[in-house]
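The first chain written gets the first letter, and so on, giving A, B and C; residue counts start at 1 in each chain.
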Amino acid sequence: MLLLTPILLVPLSVALLCLLVPSRRVMAALGVLAFATTLGLGIALLHEVLARGVVREWSEFLSADALSAWMVLLISVVSLATSLYAGRYFERDMAAGVITMGRVREFFVLTPLFGTGMFLVVLANNLGVMWAAVEGTALSSVLLVALYNRRNSLEAAWKYVILGSLGLALALLGTVFVYAAACKSHPDSLPSFNWSYLMSVARQLDPLQLKLAFVFVFVGYGTKAGFAPMHTWLPDAHSEAPSPTSAMLSGVSLKIALYALLRFHILTTACLDGGPDAGFSGHLLLGFGLFSMLLAPSFILVQRNLKRMLAYSSLEHMGLICTGIALNSPLTIFGALLHMGYHALTKPVLFFAAGNIHQTFHSLEFRVIGPGVGKVLPVTVVLMGLAALSAVGLPPFGLFFSELTIISGGLAAHQITVSVVILVALLASFCGILQQLTRILLGARKPGDHPTDARRSDGVPAMTLLLGSLLLFSVWLPAPLLELMHQAAAIIGGKP
Amino acid sequence: MLLTFALWAYVAGMAGALVLQRAERLANVLGFGLAALGGVCGVVFSVSSLAAGRAVTIAPVTLWSGPIPDVRLVVEADALSCFFVLIVSLVGLAISVFSLGYARTYYGRKNVGVLAAVFNALLLVTTLVFIAGNLWMFLIAWELMALLAYGMVSFEHEDREARQAGVLYFIMSHLDAACILLGFLMLAQAAGDFSFASLRGIGAKLSPQQRDAAFMLFVIGFGIKAGAVPLHIWLPVAHPVAPSNISALMSGVLIKTGIYGLVRVCFEFLGPPPMWWGASLLAAGTVSAVLGVLYALMEHDLKRLLAYHSIENIGIILMGIGAALMFLHTGHAVLASLALIAGLYHTINHAVFKALLFLGAGAVLHATHTRNMEEMGGLAKRMRWTSLFFLVGAVAISALPPLNGFVSEWLTYQSLLQGFGTTTSLVRLMFPLGGAMLALTGALAAACFVKAFGITFLAQPRSDHARNAHEASLPVLIGQGVLTAACVFLGLFPTAFLKLLDPLTQQLTGHQLSQQLTLANGLVLSDATAQGGTVSTLGITLMAVYLLPVPLALWAMFGRKARTRIAPTWDCGQRGLTPQMEYTATGFSKPLRMIFKALFRPRREVQREYDFSPYFATTLRFESHMEEVFQTRFYRPVNLWLLRLSRRLRALQAGSLQAYLIYVFITLVALLLFAS
Amino acid sequence: MSVHDTLLNRLKRGCETMAYPKGPAPALPDRHGGALKVEAAKCDASCSACVTVCPTEAIARPAGKPVALDLGRCIFCAECVTVCPTKAITQSNDHRMAVRQREDLVLGDTGKEQVRLAQALDEKLRRLFGRSLKLRQVSAAGCNACEADTNVLGTIGWDLGRFGIQFVASPRHADGLLITGPVSKNMELALKKTYIALPEPRIVIALGACAIAGGPFIGHPQHHNGASGLVPVDLFIPGCPPHPLTILDGLLRLLDRLGESDARR
C-alpha cells in the first residue's frame, strides 16, 4: 500500500483546495487535517521502515529509509502545530487590520506547499529532484516571508531570495559535479542519479571530484541550512515572517537543508573512507558547526529584537547538531538526531509566544515591550518560560540530555577542545537569552506602558501540545522510535 | 524506607501547593507542613544511619533509564551523603515551620502556592544532589537546584534589583555547572562509566596534568557554588533579595552543596592529592574568610551582612578541608581526619546558625519593612523572642563558648596549629598564618555581630516601622527555636555528635577519630594529640551554672536590703534620648573602614546647602561608597569586553546584501583552497 | 619638657601642698574681708543706709525689727560696711561660712551675729563619704567664677584629692552634686535629671550666691533663683565667688575632716 505518495499528495491537494475555499476557518481546519494525516502516515512509515528497511515507491523515485522517516515525523509535527496556531493568529491579525483575506489565503495555500516541498526533499531518491524540492521550499517560503508586504518583510525576503538562490545555484553545481563523477566512473551508460545507486558505487567515484563537489554542495546547502558565515539572511527572514512561518522555518526548514547536505556527507564519507582525505566532510561540518556556535551568542548578547534573538538561537542549535554529527561516533550522532527532534518541538513554542507578544504589544523591540509581559500575558509567559528553559539546555527537558551526550562524546573522541568550545558557546548564549528574556518577561509594567491588564493568550493548544510532547519524550521514547533513530544514526555514520 | 518517604513528602507538598494555589492558606499549610514532615523523616533517617556506623546506607539504585544509552538516574547514600542529608533535613524542617508563619506576609500579594511548591522542590533536588549515585543524577539535580533557586531569587521580580540578582545568580550557577560537568566528564572518560561507584579512585588512572586540570575545574565549579572569593560576587547580590526563608535555605544549605562536591571529589575520586591542592584550598579559604568578614562589617543591609558572613564561614570550612588534603599528602591520616572533622562540623554549624540568623532577619524584616539596619533599633523590647534567638545565633557565629561555632573553630585551630610540624617544606608556614588569619576573622566577626545585633535590636527605634514593630507569629518563633536548640546542642555536646562523623572519616580518610577526641566520659573534647589540648564547652556551661548560686547567695544575704530605684538612663541632662543620638551602622564600622582603606577604597561625599552661612546648613547630603574590588577589577571589565566584542561583531550583519554575498564567495574560495 | 625633666623638677621642688588643715589656714587676701558680722544692737533706730546700698537687697530692716543680713544673697561687695555709721556690720576676716540650713545664713538677731557653721553629716553618711566623696558639678548658667575657684582646689597647692574628694563626669559615679549658678530655665531639666541620676544616698551642695538664692540674677524671669527650690540642698557655701578656702572649709566641715575643736560648731 502506498505510503510515500499520500504523504506528498495530501498537503498538495489541501494547498490547491485552499485556493477555492472561502472561509478562513475551513482553510485552517484543512491545514490541521492535512498535517495530522501526514503525521499518521509518518508513524505508519516508521513501522514500515523498521520492518522492511527501506520503503520505495514508483521504481525508486521515492525512497524512505530511517533518516527520511525521522524527518517526515519532524516536519509533520511542526507543521501540525503551526497550523493549529495559525488559525487564531490570522484571525487576530485580520481583526487588527494588519492583513487582508487575500494574504491569509496566500498563507494557507503556501504553507501546505512548503510542507509538500519539504516532504519531497526527504522522500526523493534522485538528487536532482531533491535539489528541485529544496528550490520549491525556498520559493514558497520566500513568498511567506514577504506575506505582510511591509518594507522590512520585502527587504528580508529579497535578501533571502538572493542568498538562497546563490546557495542553490552552488548546490546545483555541486550536484552536477557529483553526477559528472558518477558518469566518469561509468562511461558506458548514463548512471542513475538516485542516491541509493550512488551510495552503492561510492567507492568507485573519483575522490578529488567528490571533494570538489562536496565543497560546492556544502556552501550551497549550508547557506540554506544557516551555517555561519552564510547565515546572514537568517535573522532577517525568520524575524520578518509571520510567526507561524518563523516556527516552520526555524523548526524544520533549516533541518531539511541540513538533511540534503547530510546525504552528500554520507556519500562523500563513503567515497573517501580509508583514503588520505577520510573525514574531509566531517572536518568541514565540525569547523562550521563550531564557528556558528561561537558566532551566535555574540549576536544574542546585544540583541534588541525578540524574534531575531530566537533566530540566532536556531543558528546556535544548528551548529550544535552539525558538531554532533561531525564527531562521528554513534552516540554523538544519536544525540544530534535527538537534538533535532527536541529543538523542533521547542523552537516553535518560542516563536508562537513571540507572535502573541507581537500582536499584543505591536512591537518586537525589547525596549518598546518593556518589563512585565508576565502581567499581561500570564499563560504565554509561563509556556514561553518553559520553552526558553528547554532551549538553553536545562533539565528535565531533552535538550539537556542531547547536549550533554554530544559534549561527552567529544571527550570520548579525545576532542576536548571541541567540548570546551561547545560549553563556552552554550554558556554565552544562555547568558544572553536569560538576560534578554528576564528583561521583558518578568517584572511589573511601568506606569507609562500600555497595555497593562491581563489578557487571554492564544495558541495555547498548539504550545501545550508541543511542550507536553517535549516533556514526555524527554523522559521516555517509544521503542520503535528509538530503534528508528538508531538506524538513522547508523545511516549517517556510514554503517547502514 | 524513611528517606523515600521524605522524598515523597516533598513531592506531595510540591504538587499539593501547586494544585491549591488559589486557596492560599491551604497551600501554605499543606506545602510547608509536608516539607516539615519530610524534614523530620530526613533527620531521623540520617541520624540513625550515621549512628549505626554503616559505610553504605543505600546501595546504588537506578531510578530511571532514559532513551539515550547510559543516561540513568542512580541514587546511592553513604556516610557523607547521610551527613549532608542531615543538614538539609534539619535546616529544611526549621525553615518549613518558620514559613508556615512567614508565608502569611505574602497573602494577597504573591503566589504562596508557588513559593511552597518551589520550596519543596528545592528540598527535594538538594537531597537528590546529596544522594546522587551517578553523574547524570548529580548534574540534573544540580541544574534543577540552580533553576529553582533562580526562581526564588526572582520571586519578587517586580523589583528590578531582584531580577538582576536572579540573572547574575543563574549565570554564575550555569558557569559552575559547566566547570563541574567538564571535570566529571574527564573522570568518566577514564572510568568508562558515569556512576560514582566506578569513579572512586579514578584519579590514579589519569595523567598528572589531567588530574590537575580536573581539580582546577572542580575547585572553580564548586567554589562558585560555595561562594569562595573571588568567585563569590553573586552571593551578596542574590541572598538578600530572595524571600527570607529562601535566603536561609540558600545560605544554610545550597552553598553547602559546593562543599559536598569538593569533599566527594577530592577525597574519593581524585586520588592522592599533591601538596598544592590542599595549599590552594587553604589559601582560598583564608582569603575568603578575611575578605568576607571585612565586607560584612561595612554593610548596613542586614541580609547582605549575613550573606558576606556566609562567605567568611565557607572560607573557614575550606581552610579545614584544605588542611585535611595537605595532611593526606604528608601521610598524617589522623590529622587529616581531625581537619576534615573540623571542616564538616563547621559546615553543619554554619548551616544551623546562619539559617537561624536569616530567619531572625526575616522576622525583623517583616516587622520593620526594611532591610536597612539604620532604620531599625529598639526591637529587643518589642520582639523579645526573636532578639533572644538572634542573640544566640550571633554568639554562635562569633565563635564564643559554649556554643557550636566555638567548637568547630577550636577544632580548626587545633588542626592548623599542629600542621606546622607535619612537613619541613616552606608550605608549613601556611598553617600558623592560616591560624592567625582565622583569629583575625574571629575577632572581626564578633565585632560585626556586635554591630548587627546592637544596631538592629538595641537602643531606640530609628523609624516609625521599628517603633510599631510587634513580635512574630508562633510558627516563626518555633522555627527559630528549633535552630537555637540545635546550636546549643551542637555546642554543648560535641562529643556525642562526633560519634556520628565516624563512618564519614572512616570512609574518606580511613580513620575513626571520635574515640580519641573524647575524654572524661564525653564531657571533654580533646584534639587527639600528644600535647593534649582540650576544651569542654559542657564543662564551661556547667561551671557557670554551678557558680550561679554564689552571686545569688550574696544577693540574698546583702543585696535585698538595698533599695532599688528605677530611673531613666543617664542622657547628660538632655531633653530625652532620641534615635539620632544612637550609633549608626556606618559609624560603628568606620574605624575598620579606615584601617583597611586600601581594600575598601572608600569615597566620601558631603554636600551642604546653605542660605547665608555654611554653619547653618539647610540641607546636608552624605554619600559613602566603597569599591567592590572584584566587580570593578575583574568581572565588570570582562563583561564589558564581551559586550564590546559582540557589538563589533554586529558589524558583520550590517545589512548590505553585497557584503553577505561576498561572505559566501570568500567561504567558497577558502574551502576550495582547503580541499585541494 | 620631657618626662625626665618633669620628674626631676618635681623631685627638686618637693611637696608644695599646703599644710592646712593640719596646719594654719593661709591668709585671706587684703581685699577679701571674710564673713560679715552683724550686730543689730548697734543699729540706729531709723537708719536704713545699708538697706538702700545693698545691690542684691540682701539686707532687710522691717519696721520694728532688727536689721537682717542674708549672707546667702550677699555678694560681699562691703558697701554696707562702708556706709554703716555705727559699725553694726563689720568684716570678720573669717573664711568660715558654710552652713547646713538656709536660715543659718540670716544674720542680725541676737545670738546670730555670725553664721552658725555647718555640722558634719550623720554617722552613716560620714562612714560612706568621709574618706571618699565624689562630686558631680553642674554649672547652671552662672558667670563661672565659682567654677574657677572650685577648679583651683584641684591644683597641687590645695590638692583636694588628698581628702578623697574628686570630681567625676557621670552622676552615676557621684555621691554628691555641686551646683553653681542661678539655674536658668534652660538648665532646670538638666539639673533635675542630674539629681535624679545620682544614686542614693546623695548630698547636694549649693556653691555661691547664685546657687543659694539667685545672686545678682535674683527675680529674673529666666532664672529660678538658685537651686534651693529645685533640689534639697545639704550644704550652702556663700560667696561671690567663695574663696577656695571657704569652699574647702565647708567640704571638710561636712565630712568632719577638720580635726580641731571649734567653738562655734
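The rule we apply is simple: contacts are C-beta pairs under 8 Å (C-beta built on N, C-alpha and C of every residue); 3 or more make two chains touch, one makes a residue touch a chain.
Predicted model only: the values in this text are computed from it and were never measured.
Overall, the chain located most centrally, as judged by its C-alpha mean against the mean of all protein C-alpha atoms, is B. Comparing chain pairs B-C and A-B, the larger number of C-beta contacts belongs to A-B. Averaged C-alpha coordinates give centres for subunit A and subunit C that are 106 Å from one another.
Centre-to-centre separation of subunit B and subunit C, using mean CA positions: 68 Å. Look at where the CA atoms of subunit A average out and do the same for subunit B: the two points lie 45 Å apart. Shared interface positions of subunit A, defined as residues touching 2 or more other chains, are absent.
Residue ranges on subunit C touching subunit B, taken from their complex, read 170-172, 189-191, 193-194, 196-197, 199-200. Those residues of subunit B that touch subunit A in the shared complex are 64, 66-71, 136, 139-140, 143-144, 147, 154, 157-158, 160, 163, 166-167, 170-171, 174-175, 178, 181-182, 185-186, 188-189, 642-643, 645-647, 649-650, 652-653, 657, 659-661, 663-664, 666-668, 671-672, 675. Residues of subunit B touching subunit C in their complex: 563, 565, 567-568, 570-575. Of all the residues in subunit A, the ones that touch subunit B in their complex are 158-159, 162-163, 166-167, 170, 211-212, 214-216, 218-219, 223, 229-230, 232-233, 235, 280, 284, 295, 297-299, 301-302, 331, 334-335, 338, 371-372, 374, 389, 394-396, 400-402, 404-405, 407-408, 411-412, 416, 419-420, 423-424, 426-428, 430-431, 434-435, 438-439, 442-444, 473, 475-477, 482.
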